[in-house]
């Protein structure tokens, strides 16, 4: 008895940060493919909030063969993400609320059925319905023909089936779950950008985080761009919902958005003919370069916040698409290295970053589903603290013209 | 005994129009996928002409993963259609004849392997071999670059895997079979046109019908176009075969077709260097807007007719592709809302229709495989009756220039 | 006993050239798909060098669903080829060496995930990692917009899943293995070029051969082009490795290659910023039109040679891509009907060939993995014999300008 106790204690001591069970669901190198797969806290004899993790292969329509991994936590969040679509987050539900929205695109479209070059580079819209899409990394932004090619809307990562998928569950409370996926943007002569994405979630909690490491595996420096295109609809978004972020300045993306500058931080309800307005924000951050942005409902008891690092993601786009429900009533909170302008403009304005050969860069974001007054108030307080008494430079002149 | 009889009689009475067994073969929403599947009249204890309905997943070449549903009726028709290709009809055989043709494309090409934008918008030709393709609904016609995008040949519906497939068999004689498939053309910001296609067939009969309901699920009006591109080769098409339809007028599609206007209603045998001629027809219809068009063989004992409604499908294209057998010896009878001109011309000439938000429109067509003199004669009689003594305006001037 | 002997002897006599077991792994016509499959010399009770033949369906990333056939010979070669990618040869290993190279593209990319038109017609590079890719047959060469369409890099055959795959093993020693695959380039109105590829390998040997028969199934003559793009990296390619071939002349592909003309037949080690140089060679051949080209290492004890027929493949391209290891350190030896210029230039310069209706043409190539001094010396001797005292016309002027 003694001996067992000692050994267990030792095990905990040694392994606390690393001891975990790992399941490889997909691996291109070894040809692994678990297909439909499931694990539960019960099977793992894990205490605390009951959870399960499931992978399912979808069928029907243009989602034939798409995979979805769903993390279900009994009193916490249900998080769905798709290995077939660059580990994009489909939707996050819990606490009587959700992060995500309702696109007219209902299926988890397999990239095999998408031609990103169609519709003059807007083919991406044929699969867009996620709560979060990685827009990058080889390029991002609005489509443009340049360098003799078509840079399609928001790049290819979000439409790339990942090469390796791992699920990891910590061996000890609070049984943190990690889901990793490797996105390869590898093209002979062109790019070898590989992104190891990681989602971390502690069962029962109302937040999760992303930790993505982008590495340039080539022997030459390579440009990269990324926008974490994070999208929220009802029940958070509503008439009177507000957008919150500490900022040095804001300006409309184009002339149409200029018309909405006055009330840009407040949302309208579903509005026929609203279409979309986009605002370019220069976020402020604290001394550790941490900042956060949020959308909260009118009553201030529901919301979603994204914490991020402005050294990693220096700019912030707010996308206001408060058109009708059926058109996709949604707002985007989009921390990035770039605004949504075409890569040509982003290059001119020096926002396109570069990775040296073998170098890596990391992106850490924490998403929180706010579900009461206190949580919303706390976010407001944090934002106010970062803002301090710094004046917001509101410019009505777009910084670029497409 | 008495009681049983009464109950059965009652059952028939109550259920006749609605009682049926339904099998969901594919459903994107619930993730259903039956894969290889089969049902037969024997299993269903259905009297009358023996039938079976089978779904098969194909393999090899560019048809990897394509699904085909085949309805086989012992003394009637064998009808093959593909859920992977927008419920297009592959071929219909029976009574010693067939509707369909022999394309150099032999496989049921999975749209995953087709780039509609390739060959300057003619990628559609890499999969074209069907007896009937739905050319629409977002757009149709010859490719054109307009509005900054490439409108590819004949739209996308025919290359869209359907989101839901249902097979229904009536519970009572004559055990009508219905196969439904849902084509979604849903793209964020662009379109949410959904077409619930339905094919109805009574085992033993020599005809089947289509009943497609197109609905605009968006909150804005949306243009639509549709051509039911129906194609017939041997044994109906041959030297001396004839095209029949009641019409107000006809004109050649372009200058090349002008050269064939004189004998346009009669077909040549397989002819080297014939290529194709297209004729634009203004169909006449009866007081219920019903009309029909047909192709019949020289002897007048084989043929195929299509009955349709000119309020739903006001124009008719005849495509004469009597080139050699290996090139695809075939004629198209194509009721539609549009001719085959690019959408830009169809817009100018006001043939592009529009659906209001939430509105639906229906297309009903009946295809009949004519297999004796009497049947052909009856079609000729019906057509003559609709034509009456109305003169046909034969114009040698194409109504548009591509 | 006697009887048995006589019968066996007779059987050998009659069947020697044709008696073999055949397995159909894939057949579009009948819907056959063996998926994961394996056979071994043990099961076949075949004497001589032990061998196995395996088909495996791959998973993960953009190789989801790709098939690979691997021939393994105990003391000979391991040859991997992909039915999903036009029977391209992935790699060939044995005798402590290999034919093949290391591309930044690691997966056997399913063409469903490649858009050949992307990157202005360079989408082909997103899947390029093979030891040998068939670049053809409808067209080949660098991309060009002409005839209103985009001719994409190196054509489509190498990104076409084959329609039929057969494995054949001879019934008697030396148990020759044949793997056949049918590539269909069939598009309504455009082309019906079908290539029945065949690879032949005798277990234990250090060479294998290809015997491809291209047939024009259309009723009209059709142009064709083919380059057997064969690629070699380490351990054969190294600083001081040499390229060998008998030739009438050589010239640089473009101005950049001009700079490397002086030492064009010797290779540098992995060299930053080298990028690529291409040289156009007019090969010489013997009286039977046989010739060979090779790359050999510095020590002259490792190499790879390709024997081919200059009536079938009259021109030879040498591609020198001695950039860094991670970029893909590789040289291409590319017998073809064409150089790598766009089809427009190849047409002007009369290298585009044509097949009459129903006509076939054959391509026979033998690849040998040279693994000692004697083998390398023999190749050198053969090449010297074909060269004889014919002078090589070294021109520093590219024959065309892209």
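Chains: A, B and C, in written order; residue numbering restarts at 1 for each.
Here, contacts are C-beta pairs under 8 Å (C-beta built on N, C-alpha and C of every residue); 3 or more make two chains touch, one makes a residue touch a chain.
Quantities reported herein were computed from a predicted structural model and do not represent experimental measurements.
Grouping of the remaining chains in the absence of subunit B, by touch, is one piece.
For the self-contact between subunit A and subunit B, the two sides draw on mostly distinct residue numbers; the shared fraction is below half. Between the Cα centres of subunit A and subunit B there is a gap of 43 Å. Within subunit C, residues 65, 112, 115, 117 each touch two or more of the remaining chains.
Touching subunit B in their complex are the following residues of subunit A: 56, 58-65, 103-107, 110, 112-113, 115, 117-120, 122, 125-126, 128-129, 272, 323-328. Chain contact summary for the complex, subunit A toward subunit C: residues 26-29, 31-33, 65, 111-112, 115-117, 148-150, 152, 160-164, 182, 184, 186-190, 192, 217-220, 357.
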